[in-house]
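Below are two complexes that have chain A in common, paired first with chain B and then with chain C.
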Partner chain A sequence: MTDATPLLRLRGLTKSYDAHVALHPTDLEVERGDFLALLGPSGCGKTTLLRMIGGFLSPDRGRVEIDGQDVTALGPEQRNTNIVFQSYGLFPHMTVRQNVGFGLRVAKRGRAERDRDTAEILELMHLAPFADRLPAALSGGQQQRVALARALVMKPSVLLLDEPLAALDLQLRKAMQEELRNLHHEIGGTFVYVTHDQSEAMALANRVAVMDQGRIVQEQSPEAIYRHPRTRFVANFIGESNLLAAERKGDTCHVAGTSFPLQGPDGKLTLMVRPSNIRLGRGKAGCPKLPATIAEAVFMGDYWHIRLKLQSGEDLIVHQQQPSGQSKAPQTGGSTTAFWEPADCHVIDET
Partner chain B sequence: MSRGASSSRRTVAQIAPAAAVLTVFFLLPGAYFFLVSFWQIKRYKLVRETTLENYVDVVREYLPSIGFSITLALIIAAITTSFAFAIAYLIRFREGRLGTLILFVALTTLFGGYLVKIYAWKTLLGSTGIINQALMLIGVIEQPLDWLLYTPLAVVITLVHFLLPFAILPVHASLRGIADAPVDAARDLGASRFRIFAEVVLPQCETGVVTAFALTFFISVGDYVTAQLVGGPNTLMVGNFMQSQFINRLNAPIGSALAFSTLLATLIVFLALRYGFRLALGGLRR
Partner chain C sequence: MRRWSAGSLSFALFSLVFLLTPLVLVVLFSFGENPHATLPFGHPTLHWYEELFANSNFWAALKNSAIITLSVGVLSAITGTAAAFGFSNMREGPAQIGLQFITAPVMLPPLFLALALATAYAAIDAPQGVLTVIPSHLVFTQPFVVLVIYSRMATFDYALIESARDLGASPLSIFLNVTLPIIAPNLIGASFLAMAVSLDDFVITFFTIGGGMTLPTLIWGMLRTSLDPSINALGTLVLVMTVGSSIIAFKTTRYRG
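Take a look at the complex of A and B:
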């Protein structure tokens, strides 16, 4: 076995329920130390995929390899993976300490080792003061940390997390995100994290696999996915975006009453521009300029959310940062010109 | 404050009917027979002289029969609760939609009356019954088995069958309260099926199991009709003696003393068992 073997490798993993295909043949490789987010709307197959990695579901076809070993036929009790459920799955009749020590006891570790490992992880997760409480006496965030501690204490080769923060309120979720990020830095390890929240995926993962209707449609770093979404779905799901119908002829792109040079074959295409990359004003040399009227402007605190009407009738969303000290509201109904740097627009190939 | 007063008044109003029925038909007669158990019959008349003699008689004459009844009831309760648990476990964890059907079938057997079931077993277990006839037909035996009917075994079979649906209900209710995630988590942490059963499932449905056991145990200790009809002349439950004291010998004091002695012994055995069960469950977790 060489070092080039990825820690987790999925090959042609497939799952159907009667006529419904939950997962089309899927390949995925996760390297040691990766924090991979499986991101997608509900029903996209991300949890199905996670449960197959954990051994809770067996695939119709395909293989799951961990550390170069085929574990497809093994149940969760035989795999070196551990999972954190959205509903935590704590044992309600056991104290925090007993919950965390359960796996070690099952693995027949010695008493001293068990006590030491349990105490260590409780300390790391700031749970030591609650060690002898029952889960029902803890807050949601504390219960979440117990579930994490119970999985981490087993030192799994892959830690699986199934929307672990979904049940928490926004503020707690942000705090837990930071804690998770720090935890991953501190103890290393390989995390596979299921979420439907794109900002959570961006905040946590070094790689994101966007899923749609039982397929991984794009799998890259968060930045690459944000900048170069491969499909309309990804462009819409990751951040806000403007998708404009355009046509290319002779290396010139025609869009909403203007044109600019764009290399490539002739044909129809979709242009994507992020609202934060569009500027309003008189325009700039070398930038595509689109005349428009301001249809709506909403103050969002950090920026103005402005909806423009283009000459083609399409909407264009612009997020305009306020220069410091200036607080002039954009005039609804006024004319303006929208423009962007050529590098900031991205061509989505429709197939 | 006024809301507290009115809500407590409402509580009183809500429990009053049940409390009245219980008091008139259970507590008062019970208290009366408790008093009677210290009195005596002399020349066919009830004499109100407080004495412990009835209890001395009970200990001297009926202790073995109390012991026998409790032992038989323990066997019946253990078998019934285990079966009920197995069925409820199937319904909750294995069978999915079929589980609902199993539960429905189990509950429909409640429509068959108590006596109907006893007579059914009498027919099934008899020397010309279907079990003996079938065994003879396929050549397993030549003579009908005479230990099927009119033995303690027949009492056990009949009562287990009769009590099963009553035991399934509380176990099923408590199993339904167990979420999937802790069970999955236990598997994920490497636990075997048995360990999941003993350390994750069982402790969470302790109430249901204890209720099912208590129900079947108490009913079995007190039952005497089954023993009379399928137990034969040598299987006498303590209830049969109570009945004969009250009805044949017209000796309510001894009958009452026997009843309260049995009640006390049954409670002691039950509480000891429950304590042991708790201890065992807690011990597993350490």
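Take a look at the complex of A and C:
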């Protein structure tokens, strides 16, 4: 096998439950060292996909290849993948050390090797002080780390994570995200991470696959997905966005009572502009300028969240950074002009 | 806490006295000198226990009861767990139907069940004895284990089983290392419950044991010939064993955080 072979390759994976299609034919390739997030709302098929990679669910059709080998017919106990569940699945009657050492014991590794590997991973995950406690005596974050350690000690080709942080509170979640990121840097390895939280996907993954209704709709780097969402769904799901109905005629785009040059074929289209890319004021040469009234302004700390009413009746959300020292609130009901750099708007292909 | 009205309190006390008096009398007579098991009790004595222990029938019956009770405890734990696992892997609907079937013997009149079993053994020419009593008891003790384990599995965290599989464990290894240790308190409790039910069964034992005796059938046999307080001594022993077994059952099955 060469390095050109992706570590994990899915070919036409399909799964239906009676009439409900959980996963349409799906292809996916994950390279060595990737941290891939499967991102989507509940019911989008992301967990189905993850469970098929782990061998917990067999596809109706299609193939799962790991390291160039077809593992579709193998169960989880025969695959070199390990999974971390949202509920952790820690054995309640075993200590942390026994939990972490379980896989090695089942694999009949020698005592010395088992003890060494277990001690090593407990140290890495800062769990050594709790090694002889039962899971029930640990906090949520610590239990989470035990589940991770128990999977990682098996040195899996692919580590699967099923919303592992969903049960933690926001602050702990942020801390664990950082820990996961560091862990991935430190030990390398290939992670596939299921989440419905777009900020978590952005914070962790170097590649994100956005899923909707049983399909991967876009699979790219977080930045590419944020800047160039392929569909309305992706634009709405990843960060906040304004979607404006527009029409292009002769390389001129007409939107909300104004127009600006935009190359491309004639026809109706949807323009996406991120709230943070829109500025208010008198406008600037070469920028599309939209007269509007301020309908609502909410102070969010780092920025003002402003809802504008355009002349077309559409809403436009603007996130306005406050220059330091200035704290004048935008006047509700006042008139203003919204504008953006032509490069900051993105055309979404309508289907 | 809710206050009890005088009426409901006295009714509760009356019921309690009505239910417990015969039990208390059996125990008291077994320790009294009066040989006719009537009032007054007479001086306290262990005489009737000595007489009972001198009776060779008692030891034969105790041995049979012990063999039957322990076998039934172990066997119903095994078959009951197997059945409960089977049902918990089924869909809710078919599982409920299956449970109804397998627990039906508890609902059937014991006399009918006893007659059916005796007829069946006669039909296949099985020599009656301890070995026919054990499976007969299993029929109505196993449901207790099935129900306890089935309801335990309803709240079982299947992520544990999937995790163990994921870590490479075989089904047998998962059962021995993960499932069994977790359900062990429930299983032990259910098994003691089964033993308590088996220990004091009379009707089904009587119909299926042939010539032998267990403690309950010994009581019946003694009652026919005499009514001296050594029967009360025996009754007291059976009471202690049954209640003891039930207490262990309820203590161990209680959910532990």
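Quick note on the criterion: the second predicted complex is superposed on the first by the 351 of 351 C-alpha atoms of A that agree within 3 Å, B and C clash if a C-alpha of one lies under 4 Å from a C-alpha of the other, contacts with A are read in each partner's own complex, and residues count from 1 in each chain.
As a working rule, a contact is a pair of C-beta atoms (placed from the backbone, for glycine too) under 8 Å apart; a residue touches a chain by one contact, two chains touch by 3 or more.
All values derive from a computational prediction rather than experimental measurement.
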Side-by-side fit of chain B and chain C on chain A, or clash:
clash
Which of chain B and chain C A:62 touches, first, second, both or neither
neither
Look at A:102 in the shared chain and tell me whether it touches chain B only, chain C only, both, or neither; answer first, second, both or neither.
both
Name the contact category of A:150: first (chain B only), second (chain C only), both, or neither.
both
Residue overlap on chain A between the chain B contact set and the chain C contact set?
54, 56, 75-77, 81-83, 85, 87-93, 102-103, 106-107, 150-151, 154
Would you mind writing out the residues of chain C in touch with chain A in their complex?
157, 159-160, 162-170, 173, 177-178, 181-182, 257
Chain A residues touching chain B - in the complex, by the definition given at the top:
54, 56, 75-78, 81-83, 85, 87-94, 98, 102-103, 106-107, 147, 150-151, 154
Interface residues, chain A side, partner chain C - complex:
54, 56, 75-77, 81-83, 85, 87-93, 102-103, 106-107, 136, 150-151, 154
Chain A-facing residues of chain B, complex
179, 181-192, 195, 199-200, 203-204, 285
